[in-house]
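The block underneath contains the structure these notes are about, expressed in structure tokens.
Naming follows writing order (A, B and C), and every chain is counted from residue 1.
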Amino acid sequence: MPRLGKMERELLKSASGKQATVLYPFTKDGLNIPEGLRGRWVYKHPDACTGCKICEKVCPSEAIEMIECRAEDVQTKTGYRPVCHFDRCLLCGQCVESCPRNVLELSETFEMAYLSREDMIIY
Amino acid sequence: MQGILDGIVHILIQSFGILVFPGIFFISFLALLWEWIDRKFYARLQNRMGPMHTGWHGILQPLMDFLKLLGKEDLTPEKADKRSFAAVPFVMLSLSIILTMFLPIVDMNPLVPGIQGILSFEGDVIIVLFISTLMAITIVLAGYFSSNPFGQTGAARTGMLLISFEIPLIISMITPAMLTGSLRVSTIMNRLAGQAGIASLPLAYLWLLILPFIIFIVAIQAELERIPFDVSHAETEIVHGWQVEYSGKKLAMIHLAEDIMLVYAAGLAVTMFLGGPYLLEFIPLEVFSVGFASLMATTWVGWIYYALVFILKSVIVVLILSNMRTLFARWRIDQIVRAGWKFIVPLALVNLMVVQFALVYIFPLLGVV
Amino acid sequence: MTESDEPRIVIPPRVTIPIGPQHPALKEPGMFKLTVEGERIIDAEVNIGYNHRSIEKIAEGRTFLQVLYLAERICGICSATHNGTLAQAVEAAAEVEIPERAKFIRTLTWELERIHSHILWLGVAFHEVGFDTAFMYSWRDREVVMDLLETLSGNRVNYAMNTIGGVRRDVTDSLKETLLKGLDKLEERMKYYRDVAIYEKTFWNRVDGVGVLPNKIAKSHGAVGPTGRGSNVPTDVRFNDPTQAYVHLRDSGEFEMVLSDREDVAGRAIVRVVETIEAVRMCRWLLHNLPDGPIRERVRPRIQPNEVLARYEAPRGEVIHYLVTNGSDKPERWKVRAPTHANWVSMAYTLRGGYLADAPIILAAIDPCFSCTDRVVLVDAEDETIQLKPLDVLRAESNKWYESRT
């Protein structure tokens, strides 16, 4: 039944125990990042890419754009390769799932703050 | 010539006392330290870390917050009563500093036996209570001057709190005054502690202080407007109530005044109920009874010793207050008023009667006088 | 006696206090104009529409697969709800039966989401009445289920677990162990809240007898979810009209609808806490009885013309997705009715006559989600009149918009 100060024991217990909060920006201890986190977009196996543009088509937020392969890139069959405008990406992972040749991946990087939109274009 | 020199030295010591130690500077330092302890303990009880970044375990965080607020833009609402609106933070700050001047932390007047505060005269308990009521009234004014519906609601709630919890606060402080037969803060403290050659009270009397101490802690929590009595600046209901329009320097000053009020509250509890800055004197050893007090009263060692004991005891009170803040939810104003008038005020009155009865009938009968 | 002998009745001045559009008690923009006399609320006016994002319109230009991720963003807290319900609607429109295992995993995500949503609500309720300690504790414990969901789906908020024709991620054996371990911890903590935390007197005084919604009013105002169940209205789609693995859950006979006859905020709190424990038990049952098999079925992108109404019991109440397909890979019309929309009316009723201090907790008691709910309302800035657009006007305007586009 209701009574004053019911939680006092719990309070003292947690005061003497380990704290739940972590010193995140200074250390990454205690963050327990799971396997298979959907993090930063990576163009992982450019060798396998055919430039089929499926990823561009399925992307719900129009984040992926197909550009012509630059000189330093791996040349794909159609001559196009995906880049991700990461400011628009919603990290759904549909491009990874739809890619017929497992070219793309969402890595486990989760710190995704940038200073400008230009920095957020992932090649 | 000698007389003039003595006078100058006396004035210098006095002004050092008022401005630096144990006056304004020391009190402000304590205020920021108390806020840190309060926040840290609050966080620990909630299984958090609390401030960690500025200084050792965030010890400079209250100072940083204060400095940050000083640099912020200072806005005055168009509809507010401008002069009074600007005056309120100054009045609050100066009143709270004056209040702490009455606390006997170190011996400011060695001519009188026992530890004296910077301000100390016969009947100063009444002045202290009067000024602490004035503090609450300035809060009401702050709310009304800002001419904001939230501020006015907050001010009205402060008024309600005031009428319900000033009475138990005053009654609980009357008990030590009755036991010692004095209305002077320092005399009450010295007699209760039985120090400095002042006739001490029988130990049996101290049992009568337990109930008033509990009432005092509850009432002072309401005075300080902390959970469960923080209705007047309930953040989720009326957006910090009477403080809502204050910003920048004025808000910084209000926050400092609130912290100083915490120093005052804890210090008053220590002074009136916990024996003031005496600790080693209670040990029944010859070292601490013969000549110790006079040694402490005249040298600088005594100043450090008394200040440290005062800090230690105040910290205990601050921890009790923080624990209360953590343990409860915020009561609605009508529930607070009901609790105040139904339980706390009758309890205080009954306590008053018991003390009087004991003093007049029981103790003479038992032979303790 | 200069004026009159009759006793004068002093009426406190009426003050209109705005709660919102920005207010610490509200996590999203919405406005409630409260007229108060002293501390009593006389009248409450709900004024929403600050967060309209026209999601239904956007959806008409996207494929079903893309709309799934858009649906998720209707609401951050019930993301799996909208995502799963839309997937369910599309599957029904395509007339596909998804594999059993997919059904179980979808239901598991839903139930885990219910746990996290209810603990979130509990924390918010504690915070609204100034009980910050319990708020911190409950959100700390919510971290456990957030971590479970993150391990299961790869994201903390927008799980994106469902796809048309099944689910996207499988539950492996090691994951099952992790989930079961986390669920044990959650159950222990929730029992603590059920038995201890909500019975702290200062908190209990703030919710006991506050915001009373009588059973009759709840029925007539169409309250759904814990708001309705807190007033003893047996409304729970999971038991009344089960879909997915809820059919098996209901048939197992181990689970019952949680009802309370208290009719106040305390009743809603108890319903939510007990329901969380039920949800933990449901998750455990689902994990123990997980059938083998594939987790998804291929569904062709073009879906034949159909008209579907999908229902699901979201943490806040019944959510309805109405979908019209036209044979293309894009929806013809998609309409979402989030649970908060059904609860507004009953909330305005519960606000009247209460204390000003209780307004935040009464508002929070229906667990309002403004962004789920916002509809187009035109508000005149000068006299603050609200103009609702009737359907034919909207249709005429939308026709004009289409014409101007082509």
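In this section, a contact is a pair of C-beta atoms (placed from the backbone, for glycine too) under 8 Å apart; a residue touches a chain by one contact, two chains touch by 3 or more.
Note that this is a predicted model, so its numbers are computed, not measured.
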- Message: Can you tell me which chain is nearest the middle of the complex, judged by mean CA position?
- Response: C
- B-C or A-B: which has the larger count of contacting C-beta pairs? B-C
- Between the Cα centroids of subunit A and subunit C the separation in whole angstrom comes to 27
- Return the distance between the CA-based centres of subunit B and subunit C, expressed in whole Å. 47
- What is the distance, in whole Å, between the centres of subunit A and subunit B, each centre taken as the mean of its C-alpha atoms? 53
- Out of subunit A, which residues touch more than one other chain, so two or more? 4-5, 7, 11, 14, 20
- Item | subunit B, residues touching no fewer than two other chains | 45-48, 326-328
- Multi-chain contacts in subunit C: which residues touch at least two other chains? 133-134, 137, 140, 200, 202, 205
- Complex contact set, residues of subunit B against subunit A: 41, 44-49, 52, 323, 326-328
- Task: Name, in rising order, each residue of subunit A that touches subunit C in their complex.
- Result: 1-7, 10-11, 14, 20, 32, 34-38, 58-61, 90-94, 97, 106
- Message: Under the stated contact criterion, what part of subunit C meets subunit B in this complex?
- Response: 15-18, 23-25, 36, 38-39, 126-134, 136-137, 140, 200, 202-203, 205-206, 355-360
- Where on subunit A does subunit B make contact in their complex? 4-5, 7-8, 11-12, 14-15, 17, 19-21, 23
- Listed in rising order, the residues of subunit B that touch subunit C in the complex are 45-48, 149-150, 152-153, 156, 227-228, 230-231, 234-239, 326-335
